[in-house]
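To start, the structure under review is shown below, and the notes come after it.
We call the chains A, B, C and D, going by the order they appear; numbering starts again at 1 in every chain.
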């Protein structure tokens, strides 16, 4: 990739080959870059340095790494005359691309007090200016430039979500429980009624993307056939009220409900409730949010649970999690809208899952609110091959030990998600905005 | 289960409902019990106590635990007048059944010098005698007794294989490299020629067992439909010679060949070759076997590689691993024969993978030699529900983070394996007799 | 202590009862507080948050904790009407005083992005103003207030040194190797000649302080008698040139030179040179300093070695480390001057150990440059009892597993150290400005 | 040492130069070897393999290692024609002598099922026969042979004690709580009255051994002068009854009583009582002993406490631990007798600490019962130099991070201990027969 020859146009096409005109691309690029900076704007310099666990990264690192991505995969190979902004920064801001070279150990990102927040801001400006130049006149490599810029935009959107989940985790480690944005006005939510169950028939289904309809990640393809048995899905997400029932019924204390590895995690980590939940003295639950500690909204979807918990809850409820193919089949014709991140005014987005609205029949909360754990291990689709070059490391090499999540969350940029989108995390991880929807066999 | 009411006949039927007559059952029970003891017979008391890693168990523990299984799931619920052999041994010899109560920590099995080898032998005798009594006159619960005894027999066969893999690991930790049985007579094996590739057409396939054809484990069902694309399989296992090529081509040093978690394991564990391989001074490979250190047989299948290695090798070869559905479809009509453990003369079995014989067209080495890693994560088949009661913990709760292996090995009792059989281990585990066969898309 | 009754005047007197007039005390207090802020002034907000290892603390934490000390031990018990600055900060900024209550886990100090650098600055101002008020009119508790304020001043001076050693460690973790202050002008130092050996006769000696000559810490007393055999001391510290000889003579590879625990550390940590040393391509040593990476000055004292290394070096040299009693006897009549931290212009201090000056006969480099490891385990002097109340935890509870160092370093405030001063660290710790002087028996 | 030239007679003389005639030496050698075998005789082969923690070693290893010591330091250098018994065993049975070469990792001694118990017995016989031959006719190296054989005898006696403490630990890990020997007949012990306090005057004292009065270890010398202040010692050991008072007074829950590192250990290990103590349902304490679980004898000395606990207890009691110099001064003229191991009938020894007998005035329980923790860090005496050659590693390299214990225990062979004897363990270690005696300043 660094030499500009790593990815042929035909390969890169799998990242989406809709004909974008350059104007759109430039606009999307600029908007995405601005959104990231708006997301960082409520934070002080001190907040932007900290790394609260190896899974998370400092805000400053997100700001620099997304910029490094454009510099490494676009400017260096394609912009004549571009000189590396700083020879030593490639080492600091490479995340996991083995093909690009050695890199700073992930768990030590929080030790990098330099470059400072201000220096990173200057780096962003310089790369943005050069990207504008490149996008105006991409020359012969226009297809590849377009394709990789789309990838870089989507990559940065992923880091926008991570920036939020990571600062939430960092703030949760501070006994002062700082708030990232203002608490929402108090609303009254009636506890939701029991979910309705929607039925889906058996049959051969086409799953995944053939890349003909806008940008997709390589792991969303190839499109392929699967055989689905008849199934039902709950029309809404599992709520905090239901999760409280699970807790009260000793859900976290009954080995029989858990996968063996899950039960080991419960005991090792002493899990008793979702991540960030705390019982106040009088038996009510509070939870750490981007607005600081707040009472748990019983009507809202449960959030910050891992796969092990989602799976145990489903077993307790006498149901199961949907497979990713079931989920995709059920949602592929739904509009992509919901409680997602507003890219223009990101800090004013709710940034928390919300109680479902009463919208009549059909699947609710499919997109936004919380990522939905599926029962599917993250694996290559039949015929999958990663892109050539370093960007081939983007998704493929993680296809083991992780579980697929679908649908996006309240922190996912609104234009970023779709029915074929495959997110993935380890089954014990809980710091994402992750919840669940129940399924059952017919 | 302990009260005898945990499993209804209809549930247990899933463990196989072929009509066994009682005589057969008794014979199978006795043979299996005797095989285990023959397997332990070359070992001294000292050898039988040691636990060389948490994944492995002492030989003495295998001898006692398999006996505990019959006592717990058969004698206590079904044999009137049976009194627990020793009240404290249930705690010591329960492996992982949460429903049966607390148990000795797995990693500390090697600290149990008591009960002694002799006391365990007496325990086996006492339980065998009582089982004979129960099987002669099972009374009203005959179906359940038959079904659970079949389960116990198959359970003990699994531990026969583990006994061998665990003592091999223990002996490998001793610089004296003790031998479990005599080294085989030296044979000359020409290096195998390139494998032939067998083609399989696309279509809807029935996979898994409906339990109507003899004993199966619950995880082999339900039978269900999957859609397979056309694929090809190599007609033989990957050989040590081919593995040496992988090593010589820096297979263990090129990140691009590995899954991300696999590469982390390579570096953390400093893997440079399969488990047990050691380079002698002059560049040739030796490997620890049940006959002590032996030269690596280049014509024989590679063994003691984990999933990460198998996956990396396949990527290096420009191929992939088969899915478990592909493997099952390709083997379901083949006879179950091969280099397996001879139950009557187990110590005289080869106990090592062997070069493929030249047998004309068709898939070779499907059963025996080495377990074949597949690309399939171990997950419940659609509609799977574990058996009620404690034996429901047998398989289901492990359906996460592990990968499926198929086909049995040189240490698998000959009558134990079949085309639908699903073995599973974590991707980093290497101490089983595990290897691979290559697949490719058409 | 919190109630103001924890320390009686007679007890506190052990912290020094020289008659300080209040004007002096106020001046000393103000100067010390200003020095700390000057030390922090070259650092950006980002730099002040980071904690690079559990042994180290963030600069911001040092700024707040020293302030907490005055608030907790002076303002709360003695200043009428003082209200806690922030109820939650006591938890955040208590270091290790069990008697004062629970506290934030030490290893997580780097997660506290709030309070911000600015908020801590406001805290310092508020406490300084209140302290000025208290010191102007201490009322009936004047003796205790004086004594505890002296303790607080000396406590803050200790944290001034730690602030420097901790930021050096943090910067050393950054591949950019930031500089805290400007590199010194290049100077030429001839390699020092062999040390001269000074002889000291046998006899009964009085060691330690009786507290009648200015402030001392409780661990410096009681004054007591020891019997010393005749010994010799090198007249200067061990130099980097000599340490290079040790390295070149395989000092880090010969087990026979090391204590057993030290050798285990060498292997576990892969020590090959002092902390911060790095070989450049061409065989010369560089080292991380407060001015960034610099060539090792061969004429300067070796620095950033732990006790294990100092002990191994002495064995290699056929010598030994001095005992703390020998060191104190040899230095008790020397003036306390040397390469120490200039409290008025701390950032302009050299902040690195310097080659010894040629000053004629007598012990050189006794104070300043580097702390000198002794062979003495840190233990209570005969008759030692810690002060009553929480400040009794200051020194006494650490009297196990650590070794005594003497003499101060280039980062020790000039007025802080003296002949009876006992510093102590664990034998493996290397991030202080620590080196050694050789001794031998006659 | 291996070449026979490592230790000159004058050096080795420090291990004792009393004129032993060879007959005595042979008798002592034979008796010691026989005692070890008697100690192992109640154990089965299974018991002799296990290693229950890295600090402990298997019984079989003790049997082999003590034999290796004689082979390595006596037979190989001094017996003409001796050929190594097995070339590979040196690697297996070297404990920590770096100069003798590489060795099996300490924590993996429990994995060595081979050589078997029987093979080790044959090894012992062969070495014993060769040693008899050497001792009959030591030739020119008689002094060295005598001196090293004395060292080997004392070394084996140390391992006799370790064999007992290690098997006790191993049995304590087994829920069956096996007994090594028969429980003692029940005796009634009145709870001891308060201890009497014995006073010792101030003065210059000679401490340590000059090696002129029988065998001593190198760490017991040189004899040297120390100045002691007046002190008092309790005339008996701290009892279990007193320890129960400490527990009942929340001794394990009050941070103020503990050294900082000790308090960290209390919390990390969740210490609530001495090692091996368990509360039965009704509030009474039981403890694991070499006779299995037994009620705690309130009149007997507390045992299996570490230095941290001993130090905390003393602080709770308003006293302190004695220094090793005080202890030695107080005991140097006492007869070495007490509850020690009977070398002729070791298995019939009590093997547990006993209530003090009423013997009139003077220090009781000075020798035997339990090792007494002192306040002294284990350090070289002034002028100490270890012996040349590999045996120089015997004691010297451990002189850091450990604390001195004095007086021997119920598991120490009767002829092994003396007033100058210095034992040493890490402050957290508790599996030895270790307790304490209180001291105070006058």
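The criterion applied here is as follows: contacts are C-beta pairs under 8 Å (C-beta built on N, C-alpha and C of every residue); 3 or more make two chains touch, one makes a residue touch a chain.
Source: prediction; values computed, not measured.
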Labels of chains that are neighbours to chain B and to chain D: none
Show which chains lie in contact with chain A and also with chain B. none
Farthest from chain B by Cα centre, which chain is it? Let me know. C
Cα centroid separation, chain B vs chain C, in Å, comes to 60
Approximate Å spacing (C-alpha centroids) for the pair chain A, chain C: 47
Measuring from the mean C-alpha position of chain C to the mean C-alpha position of chain D, what distance in angstrom results? 38
Where chain D touches two or more other chains simultaneously, the residues are none
Any two chains that touch count here, so list every such pair. A-B, A-C, B-D, C-D
Residues of chain A touching chain C in their complex? 44-50, 52, 60, 88, 91-92, 104, 108, 110-117, 170-171, 173-176, 178
Using the touch rule from the top, collect the residues of chain D that touch chain C in their complex. 96, 98-99, 204, 224-227, 229, 255-256, 258-263, 307-308, 311, 375-377, 379-380, 382-383, 393, 397-401, 427, 441
